[in-house]
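As written, the chains take the letters A, B and C, and residue 1 is the first residue of each chain.
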Amino acid sequence: MLDISDLRVYFDVFEGEARVLDGISLHVGEGETVALVGETGCGKSVTIKTVLRILPMPPARIVSGHIVYKGQGLLAMPEEALHALRGREIAFIPQEPMSSLNPVFTVEEQFTELIRWQGRYRVGWLERLAKSFDGAGKRAARERALDLLEKMNIPDPVRVMRSYPVELSGGMSQRVLIAMALAGNPSLLIADEPGTALDVTTQEQILRLMKERVETERLAVLYITHNLGVAREMTERIYVMYAGHIVEEAPTAELFRLPRHPYTQGLIASIPKLTGEEVVGIEGRIPDYVDPPSGCRFHPRCEHVMAVCREIKPELVPIGPGHRVACHLYTSAPAGP
Amino acid sequence: MSKYRTSDVKAPRLNPEAQAQAVALEEQRAARSYGARFEDLRRTLHRLRRSTLSLVGLAIVLGLIVLAIFAPQIAPYPEDIATVHFERTFQPPGRQYLFGTDEVGRDVLSRVIFGTRISLSIGVAVLAIALAIGVPLGLIAGYVGGPVNTIIMRLTDIFLAIPPVVLAMAVSAVLTPTLENSIFAIAFSWWPWYTRLIQGQVLSIKEETFVEASRSAGANPLYITFKEILPNVLTILIVKVTLDIGYAVLTGAVLGFLGLGVRPPTPEWGTMASKGRLHLPTRWWLTTFPGLAIFVTVLGFNLLGDGLRDAFDVELE
Amino acid sequence: MRYRDYLIRRLLYTIPALIGLSMLIFAIARVMPGDPARLALGPEASEEQVAKLRKELGLDLPIHIQYVHYMRGVFQGKLGVSLYTNRDVIVDLKEYFPATFELVTVAMLLAVAVGVPLGILSAMRKDRWEDHSTRVFALSGVSMPRFWIGILFQLVLAYHLGLLPVTGRMAADLPAPARITGLYLVDSLLAGDFVALKSSLLHIIMPAVTLSLSPIAQLMRVVRASMIEQMRKGYILTARANGMPENLLVYKYMLKNAFIAALTIIGLLYGFFLGGAFVVETVFSWPGMARYGVRAFIYKDFNAIIGVVLVIAVAYAVINILVDIAYGLLDPRIRLGAEAREA
C-alpha cells in the first residue's frame, strides 16, 4: 500500500550538506502494522514527515527516491491533490500532545471544523459563511466528534469538547489527537511515538486503546518509535534504522528470536526488563550527518568492526524468510584487505 | 537578600568539594565557550556578509562617519556654516549648488554635510549616556534583587509611563536650546529601556548553571556580573544600540523641527527642515534635502542593526 | 495567579508610576529656568506686576506645597490656568483632545488594516520578492522622519496634484459639525451632514497616513515573524497532515495566534502615535492636543505642559491596560492556563 524506495533527503545547514536520509526503502502492506525503530535523531521522524509532506523545505531537500501510496506518487503530487488524501487516506498522530492542539481554539472548534472540511485544499469564505447557517451539518459533525472521543474512552466528551487544550492533561490531549486522526476513516495511520511524552501508565493505556482501534478498523500502521519493546507489542514487522540507513528488517517475532545486526542486538539489550537485570546501552551516539563515518555508518560504535566496514557500505541482503540485514558480518565473502 | 553575600556562613566557600566541582564546571564551560564563541563569530560574519541590505547599511554608516570627520574638506562651501551671501539667496538645485541655497544664500549641501556632525554626536552621545546609566542600574536590579530591584524598576516605570519623545520634548522645553541640552533631554528619556532590557536578561541568565557554579565557588558578585553576565548580553546590546542610534538621531531631528532643539544657525537637519517649511511649496529643496539626510542616516543604522539582529540571531522585546 | 488578579496588580503598578510621573514633570516644569510670570507678562511689565502674578499663581511657595495645591486641584478637575489662553488647562484640553483622539484612532485602524495583511503576505512569500520589497518598505517606513513624509505628501498630493487639502481638519468655509463627540467624522455622520463628512475625511487622510507609516512597518514585521513561527508549530503541521484546508489553516488557525503576538506591540505603538502626533499636528496644522502641547513647550506655559504630559500618560496607561485585557480575552492560555494547572 505504501512503498518508499531509495529515499534520500538532505538538509542544507551552515556546515554543509547533512545527509539525513541516505537511501531508505520500506513497504507497508494493506492492513499491516509496521514499526520503524531507531534512536532519537536517526531520521525516522524525517522519514514520516517526508511521507506526509510536512517537512520544511528548505532547509530540507529531497534528492532522490519515490513514495508511492496505492499506486500514486506522493512526492510529485500537487498540494491540492495531496489534500484529498490527507486525513482520509493517510492520517497522522503526532508525538507531543501538548503542542499538537491549537492552544487558542476549543477542541470542539478545531475538531468539528476538521470533520466538516477535511479533504478540501481551500474553502471559499462565502461557502464557509453559507455552511455556518447549516445547523444540521454542524450537529452531525459534533455528533461524529463526540462519538470518536467516546471510542477513545474519554469519560466526559462533552466537557472535553468545550475545553481549550491547556485545560486538558497530556493523556487526554493525546486521546483527542488519535480521535482526530481517525475522523476521516483513513486506511493508513502514521504514528510518531504517541504517548512517549507521557508517563508510563498513561502511555500503556493509550497504546492499548490505539491497538484496539487499529484492529477493529483494520488499519495499516506505520509506527515510529525508539523503543523496541513498544514496537514488539504494537506491530507485525519491524525496520531498524540507524543514521539514515535501514540496517535490518524482519517480522517482529523473528527479529526478537534472532537479531542479526549488532545495532539491533544492542537495542534489544537496552530494553528495560522487569527482572531488574542491568540494562546494557550502546556506547557512543548518532554520528554527524555532514561528515558521516565512511562505509557502514555504525562502524565506530560496533563491537565486531572489521576493516571492510570502514570502507564499503553494506547492502541489505536476505538472510531468512522476510529477514534482511545490512552488515558485513553476514555477507558471504567480505572483499578487502 | 543575603543570598549572594560571600561572608554568609553557609556559603560553600570553604567546602573543597563544591569548589572542585565549580572549578571543573568552569573549565568545561570555558572549553565549550571559547570554541562556541569562535564558531558563533564565524557564523555571524558569514551571515552578515550574505545579507546585501546589512552591507548597504554598513556602507551608509561608514560614509556618514567619513562625512562627519572630513566635513570641511568635503563640503563645497565650508565657510557657509558661519557666513551669509545675500547675493545668492534661494538658488534652486543646480550644477553650482547641488542642493540649492537657503534664505540667506548658504549652500544647503554644505550645511547638510556639516549636519552629520550634529546628528551623529546626538546619536552617539545619547546612547553613551543611556548605556552609562541604564546598564549598571539594570545589572544591579537584576543581580541584587529584593527591594533594590523593586525601587529601580518602579523608577523606570515612571519614565516608561509616557512615550519617550514626549518626555524629551518636555525636558528640552524647559532647558536652553543647545546641543548639549538636546542630548541630555533625549538621554533622560532613553535610559530606562536599557535598565529594563538588562534586568530581564540578567534574571534569565542568573539561574543558569555556570553562574550558579561561580557563585557556589564563592566568586565576588561584581566579578560574576562583569565576567559572566555582561558578555552574555553583549550581542543583544550591540544590536539594540545600533538600531537606537538611528532612533536617537530621529528624535533629535524631531526636537529641532518643533523648535525645541538646537537653534539656528547650527546646521541641524530638523531645524533646517523647520525653517525651510516657511518657504514651501516653491523652495522645496530647503526641507527635502535635510529630511532626506535624516532618512538616509536612520535607514543606515536600521539596515545595519537589522542585519546584526539576524546575524546574531537575537530577539528584542 | 488568576488573570484577573494579574490585571488588578497591573493597575496597581500603574497608579504609583503615574503619581511619580506627575511629580517628575511638575518638578521639571516648575524649576525651569526663566520666570514664567515674567515670560507671560513680557519685558515691559514692572517688578511689582511680576511679583503679583507670581503670588497669584502660587509660584512664590515652596515646590512641594505647590505640588500639593496642584494635586488638590487635579482631584477637583482643575489643571491650573494656562498663561496664554488664560483659561484652565482642562478647558483647553477638552477642546483639543477629540481632534487628537480622532487622528490617532484613524491612524491605528489604518496601521492594523495595512500592517497585518502585509505581514501575512511577507510571511507566506518568505524570501521571495514580495517579502524583500515589504522588508525594504518596513525599514524605510521606520526610518523616515514623520515631518518629512508629511511635507512630501503636502508637496506632491496637495500642492502639485491638488488632490487633498494641505492643512486643517475641515474646509475653512464649512461650519464645524455640531459638537456631540468632538470627532468630526462621527459628528458629521450623526448630523447626516455628508458634505462635512467628505471634507473631514479628505482632511484626515494625509495626517493619518503620515502618522501610521512607521507603525504599519513595525506591525508588519511582528506579524511576519509570528506567522513564520506559527508555520513550524506542531499543531499546524498536525492539522495540515490530517487534511485541514490550507486557507483555513493560514487565515484562521495561524492568524489568531499571530495576531495575539502582534497585540503585545500595539500598546507600544500607541506610544509612537502619541509621540508622533506632535509632529504631524504641527505639519498639518491639526487643531489637536499635541499642537497645543508644542505651543505650551515653546512658550514654557508650565501648567499646560504638565496637563498635556499627564493626559498623554493617562491615555497611554489606559490603552496598555485595555491591550492586556484584550490579550487575556483572546488567549485562553493566559486566561485559563494558571487555573487549569492548579486544578
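Keep this in mind: a residue touches a chain if its C-beta (ideal position, glycine included) is under 8 Å from a C-beta of that chain, and two chains touch if they have at least 3 such contacts.
From a predicted model like this one, the values you see are computed outputs, not experimental measurements.
J.: Quick one: label the inter-chain contact graph as line, ring, star, complete or other.
T.: It is a line, because the chains touch in a row without closing up.
J.: What are the two chains with the top count of C-beta contact pairs?
T.: Highest contact count among chain pairs: B-C.
J.: Hey, how far is the Cα centre of subunit B from the one of subunit C, in Å?
T.: 24
J.: As a quick test, compute the distance in whole Å between the mean CA positions of subunit A and subunit B.
T.: Those two chain centres are 50 Å apart.
J.: With chain centres taken as the means of their Cα atoms, state the distance from subunit A to subunit C in Å.
T.: 52
J.: Send over the residues of subunit B in touch with two or more other chains.
T.: There are none in subunit B.
J.: Residues of subunit C touching 2+ other chains?
T.: Within subunit C, no residue contacts more than one other chain.
J.: Name, in rising order, each residue of subunit C that touches subunit A in their complex.
T.: Per the touch definition, subunit C meets subunit A at residues 231-248, 253, 256-257, 260, 330-333, 336-337, 340-341.
J.: Can you check the complex and tell me which residues of subunit A touch subunit C?
T.: 49, 52, 54, 56, 79, 83, 85-88, 91-92, 94, 96, 99-105, 110, 113-114, 117-123, 128, 164, 166-167, 177, 180-181, 183-184, 190
J.: Help me check something: in the complex, which residues belonging to subunit C touch subunit B?
T.: 13-14, 16-18, 20-21, 24-25, 28-29, 31-33, 135-136, 139-140, 142-148, 151-152, 154-155, 159-160, 265, 268, 271-272, 274-276, 278-279, 282-283, 293-294, 296-298, 300, 305, 309, 312-313, 316-317
J.: Considering the complex alone, what residue numbers of subunit B touch subunit C?
T.: It comes out as residues 53, 154-155, 157-167, 169-176, 246, 250, 253-254, 257-260, 270, 273-274, 277, 280-281, 284, 287-288, 291-292, 294-295, 298-299, 302-303, 306, 317.
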